[in-house]
Every structure is written in C-alpha cells, then in structure tokens.
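Two complexes are shown next, each including subunit A; its partner changes from subunit B in the first to subunit C in the second.
Up next, the complex of A and B:
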C-alpha cells in the first residue's frame, strides 16, 4: 500500500479507535462517579402512594416506583424515544400546544436505520458471517431491482441505507429551515450531522454508483482486527474516504453530543425510581452534622433557661 | 451509579468488541481470503482480476442477452474469443460451486440468488 493508503487505512483507524475506546470509557467512569444530590425523576403519571389511589398500567412506567419499572421506562426511551413522542409545539394565536411528531419519526428512523446498517457491516468484521447478519441483510434488501440504465451490479436496494440519508437530511434541514431550531443550533450540532452525512453518502455511493472490491475491504477489516494489517491491498479512494469519515466520527465521538448514546443511561431524570416519599434520598454532598444533646444545650444557655423556667415556662423537653 | 455503568459497559463491550471476541472464539481471527479451487482451463473468458470484481455484471448481462434479446454468443473483450453464453461454459473450468463460488461469497457475506433457478456442478454430478 502507498503511504497515504497506510495512513488512512491503518494508522488513522487505529488512532481513532483508541481515542474512541479510551474517551468513551473515561467519560462513562466520570459520569458514574458523579454525585446525585436530589431525586429528580421526571414523571408524567400518578405516583405510587396509597393503595386506594388508582394507577393505570402506563402510570407504572411514566412514574416508576421499582427498579424494574425504571428499567422498562429506560428501555422504552432507548428503543422508542417515548419522551420525544410527547413533543409539542406551542401555537401562539390559539395558545395551544400542538403535538409534533416529526422529530420523533425521523429521529427514530435514523437511529434504527443506523443500528441495522451497523449490524450489516458486521459482515466485514465477523468471520464466518453469522446467520443473523445475513438474515438482516436479506430482510433489508427485500426490494430487488434490475435497471438496465443504472448500475448493473445493483440487485438489492438496502432500505435502511436510504432511510438513513432521508432522516439525516430532515435532521439537517430542520436545523437550517426552522427559525427556532436555527436559533439554538450550535456548530457542534452541524459537525455531527455533516460527519454522519459524509459516512452515509460515501457508503451509498459505494453501493449504488462506484462499486469497490468488498473482499479487499474485508481483508483490511480482518487484518485490523488481528493487529496484523495486510500491506498488499489496493484500496479504492472512495472506500478510503468512507473510512476517513468513520475514523473522524469515532475520534470525535467522546468529545461530542454523540455521547448521548451512553449519557441516556446516566440521566438522573430517567434512571431513578420515583420513590422519594418511601425512601429517603441522601445527598452525598451533605457534610456530617454533629448533634447537640440537652445537657450540652443547657450548659450553653444555663442563665437564660433558668430565668425562663423561673417565669413559669416549661423549658426542659419531655423525655422521648 | 452502578447499574447504568454496567449497562453501558455491557453494550460497549458487546457491540464494539464483539467482532474481536467472536473471531477469536471461532478461531478465525484475521482470516484472509480463502484459497479458491484452481480452474481447469488455461484462461478465463476475461482478465481474472476483472472477472473477480465484475462477474456479477457479466452474468446479468448474459442473462439479459439470452432471455430478452436471444443472443447466445459472447465475444471476449480481452481475448476476442467467441463463447457460448451459458452457465455450462463456466462449469467447463469451474467444476465446483462449493470450492469456488461459495468461498468468496461466504467470506463477504453475499448471497446471490443464481442457484434459486440455475443448476450447479455438484447437482449435475449427482444426477448424471
């Protein structure tokens, strides 16, 4: 391989993977050590309190009381984005909250497509390719085409790849075209989207427009996994670009908002049960308070207390 | 915060390091391209490197030529030789699907639908 090929194909992916692993672990351990001063669970259902207060089935998960209810709510958040489902937009003339589910729809579309695409990419990393990767690929490519005017090597349209592009474009256009979203968008929001778009566009180009040799891609992936990268590969420039985008994304990941993938599990508003009435939440920041007993108190204010007692007031507390 | 830490570490190790563990467990870590069966003839109908990358395009072209246009002859771009368009032309040199086709297809996780309809050398051997 050329110098550039070794740099982009071997060195940069290793460096990026190292930054990714160390960075994610560092941030995750930092988060796990963070103090949680208060029980700040977000709730949207009837809290468990007295036996005659009726709760619906969903109240158990909207206002979880036990550990497993909290876990179920977390899973619903991770897999279904339940809090985004409740997204509303405030309409001024009528002063009404209108439910907007577009962000939920495209967000869900993006994340599920990304997961499917990642699992499909296991065919480059796993040897032998396990059945579930093949099964998902077949399911994903259930639309079969043959267009004589288009790329003749294309047989199956991978639905998730195209959904990924559509969802990402919506998420980008949302930040550019909607006034409110445009105002609160930061450069870091766009960088994440542009990097992901770069990965997706180069990936789709490889599948539909400029085919590359997948056996060489797999040989590189296998070599990288075994820490024995092959040196005789002639990798396509488009694949190099794809790999460069992925490496950049991986290296950028621990420092970015993309860490929400791990952060969701550490959100105190989501990972705590709503049981502050039943169980006292101790603030770890509380300094130790030394109590004062009656004898010490009496010693300190002996004169005043004796005077009060002489006036006929009861000063000494009842024995408990 | 023990539970979320464990959850995240499990996902992280289970997903990001999964290929490494899987390949090591199977004993195929760093598996390179499998050895293919040596074809019988002297040369392929086109340049072998071109064929390894573009045989699917050629085969689809052949299919369209035969089924839709009724053209049964193919003239090699590289060598100028004339060939009969048929899978049997391939079978003259590539005598095994399992030892030739499947090797790379399994390696890259590709499942072509050729054999849903077409016969392959092993099946021919069986019913000869």
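Up next, the complex of A and C:
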C-alpha cells in the first residue's frame, strides 16, 4: 500500500500542482505579452458626456469613465456575474425576450460554493486553523443532524458542498437537455464538469457516508505544503480517488477553458474605461499607411475644386 | 421555371437546427441565395493594393487561392494573436455557457446554429486549437480542433459576412467576448489571401479615391448641398449658405455620405444645415473629408487607416478648432474608439490647430472629447436644446408617434443612449420606447451593418432585422407609433426596407430631422408640412 500511497498522495499531487502553477503563469504571461491596440470597451450604459444628462448609478459601472469605475465593473463581473444577470431568452413565435436568471443563479451558486469549500479545505493545510476558516466552516455548517448509524452521530451539513453538487448537476443537465446548449457543447465541456463532479462526489462521500481518517489527511496535506511529506503512507481508497480527481483537474486546468478564471481580468471589453475620446489610446504596433493626401486629391479633381474656389467656398440657393 | 424570390414567399419560416459538435466542425459551404456575399471586384482590389488581387466568384469551386494560402493564414493568425490581446484571450477563455446563443439577431432570424455567436467564434477557434494549442494538436477533433481546408475558408467567408459586428452578444457574455472583434480579425485573415466582399470594397475604394463612400466627385458633393439649400428655401423660405472647404472656420462638420442624397437621410441632412444656419455656427464642410464612415473598418486594419487619416489631415489643412460629426453608427464606433489611435503623426500634426471642443453658442466644454476633438451631433444638439438656444414648436411633430432605435455601434461602442432621447423628448410630444430587450445596450441590429447592406444578402437582412421589426410592431400596435428614428446612416438605408418587408405602416428617419421639423426659423414662411411634405397636425397614416 505504501507505494500506491506515495504515488497518489505525493508524486501525482506534486506533478499536478507543478503543471498547474507553471501552466497558469505561462498562460497569464502569454496574455500579458499580447498588445492591446485599441480601447474596445463594450458600453452597457450611458456614457459620461454632458454632466447634467441622466446617468443612473449603474451606468457609471456599465459604462465606466474613470479607473475606479472600471475596477468596480470588473469586481461586479467577477463576484456578481453582472453580465449574466442581464441574460434574456428570445421566444419564438411570441417574438419577445424574457428575463432568465437560471444560468446566473446556478453559475453564481457553483462559483461561490467552490470558493467556500476551498477556503474550508485550508483547515487541512494550516495549523493552527485561521479564524476565518473556522468562522466560515461554522457558518456553512449551521445545520446539525443526528444520524444514529453514522460514526460521530452528530454531523454538520455543509450547505456549500451540497449546493456545489446541485449547481454542477444543473450545469451538466442543461448541456444535455437544452437543444442549443447540446448543439455547441464540446467533449471538453463535459470533461471539466465530470472532473469537478468526481471531486465533489468523492468529497461528499467521505464526509457523510464513508468517513476517512482526518488526522492522516491533515498530516499529508501539511507535509505536502512543507515539502516534507510523510513517508509511510496508508491512505484510504476513497481519499485517494478524491486526490486523483483533484490532481487531474489541476493538471488539466491550464490547457482548458477553466483558464477563464484568470482570463476575465484580461478581457479588453471589460477592463478598459469608456474614455477613448478624452484619453487617447496608443497602439504599440501602429504603422503608417499611405492614403490619398490633399495634393493628390486636388490633382484628381482640379476642375471641381477650382469651381468651388470661384464660388467663394460657399453654396447658396440658386436665384430663381 | 423562374427562381422563387424571398420577397415573394408567403410563409416566413425559421427552421431551427440542432446538430452536435461533430456536425458543427464540418465546414458548411452551401452557398444559398440571400446568404452569401459576392466576391470583390478586381479593380477595387488593385486600387487598394490588396494582396493577391484576382477575379474570382463565390459560386465557383476554385477560389484561386494563392499556392501557399494555408501558410499565410497560419502565419497571419500567429501575428494577430500577438497584436490583439482580445484575439488571444477570446480564443482561450470561452466556456460555451450559451448566454450569447440567442442574442444574435441572425441566429434568431435564421435558426442556423452557426449564427450563434459562440459557434461563429468556434469556426475560427477550432483552427486556432489545431495549430496553436497542445490539446488541439494531440486530441484533434475531440478537443474541438479541425484541419484548415479550403472549405473552412469558404465557410469563414460565408459566416463572417453574416455578422454585423453589432456586439450585442458581448453585452451578455460573462467575459465580454466580443464577436465583432473575432469577425474583424477573421475578415483580416481572409483579406490576407485576397478574399474580400464586393460591397465593402467598392465603398472603401471609392472613399479612398473621392473622399466618400458613394464615389461622388467634389462637384457632386457641392451639387448635393446645392439641392439641399434649394429644398430648404422652398420649404421654409429661408436663404441659407453652406461653407465648403472654407479655411479658418471654427468647426469642421463631417457626416456619412449617405446623407448627401439617399432617402430618408436627405431630411436629416437638410436638418443639419438648417440648424447650423439658425445657430449662426462658424463651420465648414469638406469635399476631401466628405465621409464620416469608414468601410475599410469592415475589411482590414490597413484599408481602415487609409480612410481614417482624411479627417485629421483636413482639419489641419483648414485650420479648424474642432470637429463635429453627423449621425452614423460604425462611424462613431471608430471616432470614439479608433480614430485617434489609428492616426499616427497626422494626429500630432492636427493638434497644432485643434483645441478642446467648446460649444460656441453655449460655452459648454466637451470634456469627454478633449483628446479626439470630435463631438457627436446629438451631444451638441442636446447641449443646445438644454440651453434653449433654438426656438422649438413641439406641435410640429404632433402628427408623429416616435420611437428610437439605438444603433448598435453608438449604443455598445460609445454609450450614447440618453442624448437622442433627450433631444427627441425636447422636440416631440409623443415619444415611446420599445420594449427593454430591444433598446439601449440590448438594442437589436437593423440586420445590415458591417457591410451586410449588400443586395445579395437580402434574405439574411430581412431575417436578421426581424427582432427589430417585431419590437417596432409592438409599439406600433400599442401606441400607434408611426415614426422610427435612428442616428445611423445604415439604419436609415436598411430599416425602411425592413419595415416594408414586415408590412409595418411606419416611416423612419434621423433624429436631427425631427429637430429641424420643430425648429422655428427666423424669417421663415408659414409651414403646413414637415420636411417630407407630410401635412402637420393630423396623425400621419403611413402607407405600407
């Protein structure tokens, strides 16, 4: 068991983490190297023009003029999915679009739950456990249930863990059941979902059905973090499965659409202020292109232009 | 048997197709009438010095691509991803959540899954994966990657000219992925192997040569202005003078060239001239910079730059202090987000004469245009009307029930949403907004932007314009709306046809037209019609 434990518990996680860190940094580096030739903000609200014009509170962020307004727009995009909130569905034959917030709801539910679950996992890595981890865990697990058949008898239901499962199932089902989403879903879209589902399901099983030795998990986690992993490992099969899913996900991350989590910060339609007429944007690779200048234009249309000169450069109504 | 025309079909059918990812990876090359664009003319390709100029035909099997076309495309893609962060990031981060799918008016109107913004981007992304990502190289089609073939090029030409770069999908995308950006770069790729669309290139070449998209000689522009001042005299009895190419004027006025004679642009054009006269504005028009729009923008960076430089050069030559721009959509996307950036030393040169725009009538400083020095006519008019510098008789628009169509580019590329509403409410008694999902940043495109106004795309345009037409129908039935305004020259060309096709008794025109309608001029004769000759007062029944 020791060989398998070392492979799954130490070698694979290290390799996966290495690929993850190097891969993500490489992609981010690659993006930041690309030039931004134009300011191409997508404006989703009233621009700043005449100060007295009706500009709502949200317009300031949907069509930001200053740096901090742009920052708020980005934060709303990242934490609240502002654009997805606007989602509508076009209905035929009624020829109208109705507001639909299901994708926003489940998308937000998934991402926030994932964040909470990740923070909760800090307790495996950090000793002593930081106060905010304890606080979040306590808040998350405010529902207590008594299960006579379960070893600790009293168990705190971690709400986010279940929400994560529900949200993932929704995201999967919409790709299978909705015709439009089925049409453009690629195998890679399913791979990401299956890997996440694998992580979540094994995690939930360990928590509620087949408890594993938490002390051992903690020892491994802290050892991995300190680059001093325990040598004689005897890991539970379910935990190994969980760890395998996590490792695969991490290694897959930089090559996949999951990079959207970093990419959104680089999206030029969202991270630039709508002020290009007030502040000139410079294209770093701009080069001159020859067009027709006035002299050439004048040569081509000499007669017309001379006649205009004779008119004194003014067009008046004809005398009747 | 004669071919059945889309215009004459009794039943409008949207055939929804739901395939799967494997089918979507196969290139669609069926060139259905009404959906594909014509190939660019040799003369325009040569005039603009485009690479690999040749005569070719969309319906031909052989598009006569250069022998190393594949290499050119791959190299160009590599170049573009370094040059445009948007391209690299948008290729990498899409999660295919589907929020954009039914936001595209072309998808709504055609039911073709390749018109979903996500799939439109996948047409390019699949190639990007194959040649630039590890997973695409290793797992091939299972990673959503596909080989670059001639059929893919044909598919690109078909579908990247079924996108009007309206950016509606970008509003809803949680990462702000902008299909307009992807379409522009795809067109740039196509242009690199000598594939361009006829309509955009005719206009772009004309604009480089003559200074405007219509290809009017300076004499033609002057004649147009002549007709306008004659018409104004006939309707209002007021003699107005229009300065053209006048050195030393304070303001250079630039408008899309459609305004010079197309219907219903014409009334907006008269409107500008009447208002400037009434305000006593020290301005000039130009025959060199006779065009505000830039069809090069729908082709490639270089052609866009060729056209873009004229305005600053002319501002410098004439020695104006600032620039005022007429009502146009893509023109304002460019003026707002691109113009000063495109310009290299022409900008610095122009700065020798240009100053921060100040409204000479009200003294308002246009701080938001302090760098580009170019102000939108509706910002200008909103300021004028706020300060009550024009005598307005609102009742002159009482025969109209007005709604406003937010043009894509100024709504989502600029954020000019309240100005037109303020102006319209200042000059009309009856103004009604269309439903929320159809206005402001959620506005539907007219279906003909970004070079899709071409006649050969008629079916696509009528289908793509359907959501807009239905929103107009809604306010027509609810409030009796009989007049749509839009601050965009393409809208003014596209929407009348659209309304006619959808059998809506509604007319359309620019915003400035209604201001001029309601404006009481000094020394004007008794008015009993609007600028179009419709009687004032009674509710106007528009003929279908």
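Here is the rule we use: the second predicted complex is superposed on the first by the 279 of 320 C-alpha atoms of A that agree within 3 Å, B and C clash if a C-alpha of one lies under 4 Å from a C-alpha of the other, contacts with A are read in each partner's own complex, and residues count from 1 in each chain.
As a working rule, contacts are C-beta pairs under 8 Å (C-beta built on N, C-alpha and C of every residue); 3 or more make two chains touch, one makes a residue touch a chain.
Only a predicted model underlies this, so the values are computations on that prediction, with no experimental measurement involved.
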First (subunit B), second (subunit C), both or neither touched by A:6: neither
Partner chain in contact with A:36 - subunit B first, subunit C second, else both or neither: both
Subunit B or subunit C, by number of subunit A residues touched: C
Contacts of A:228 with subunit B and subunit C, given as first, second, both or neither: first
Subunit B versus subunit C as contact partner of A:122, first or second or both or neither: first
First, second, both or neither for A:266, with subunit B first and subunit C second: both
Touched partner set for A:49, first subunit B, second subunit C, both or neither: second
Touched partner set for A:294, first subunit B, second subunit C, both or neither: second
Contacts of A:24 with subunit B and subunit C, given as first, second, both or neither: first
Overlap of the subunit B and subunit C footprints on subunit A, listed as residue numbers: 31, 33-34, 36, 266
Subunit A - residues contacting subunit B, complex: 20-21, 24-25, 28-29, 31-34, 36, 67, 118, 122-130, 133-134, 137-138, 146, 148, 152-153, 155, 211, 213-215, 218-219, 222-223, 225-226, 228, 230, 262, 265-266, 271
Residues of subunit C defined as touching subunit A within the complex: 14, 16, 18-21, 24, 81-90, 92-99, 101-103, 108, 113, 116, 118-119, 122, 133-135, 142-144, 167, 170-178, 181, 208-211, 217-219, 222, 225-226, 229-230, 232-233, 239-247, 284, 287-288, 302, 305-307, 309-310, 313-314, 317, 335-338, 340-342, 344-345, 347, 364, 366-372, 374, 379, 382-383, 386, 411-419, 422, 435, 437-438, 440-442, 466-467, 470, 473-474
Subunit B to subunit A touching residues, read off their complex: 1-5, 7-9, 12, 15-16, 18-20, 22-23, 26, 28-33, 52-54, 56-57, 60-61, 64, 104, 106-113
Subunit C partner contacts - residues on subunit A that touch it in the complex: 27, 30-31, 33-50, 52-55, 59, 62-63, 65, 77, 81, 83-84, 86-90, 92, 95-97, 103, 107, 174, 178-189, 255-257, 259-260, 263-264, 266-270, 274-283, 285-294, 297, 300-301, 303-305, 307-308, 311, 313-318
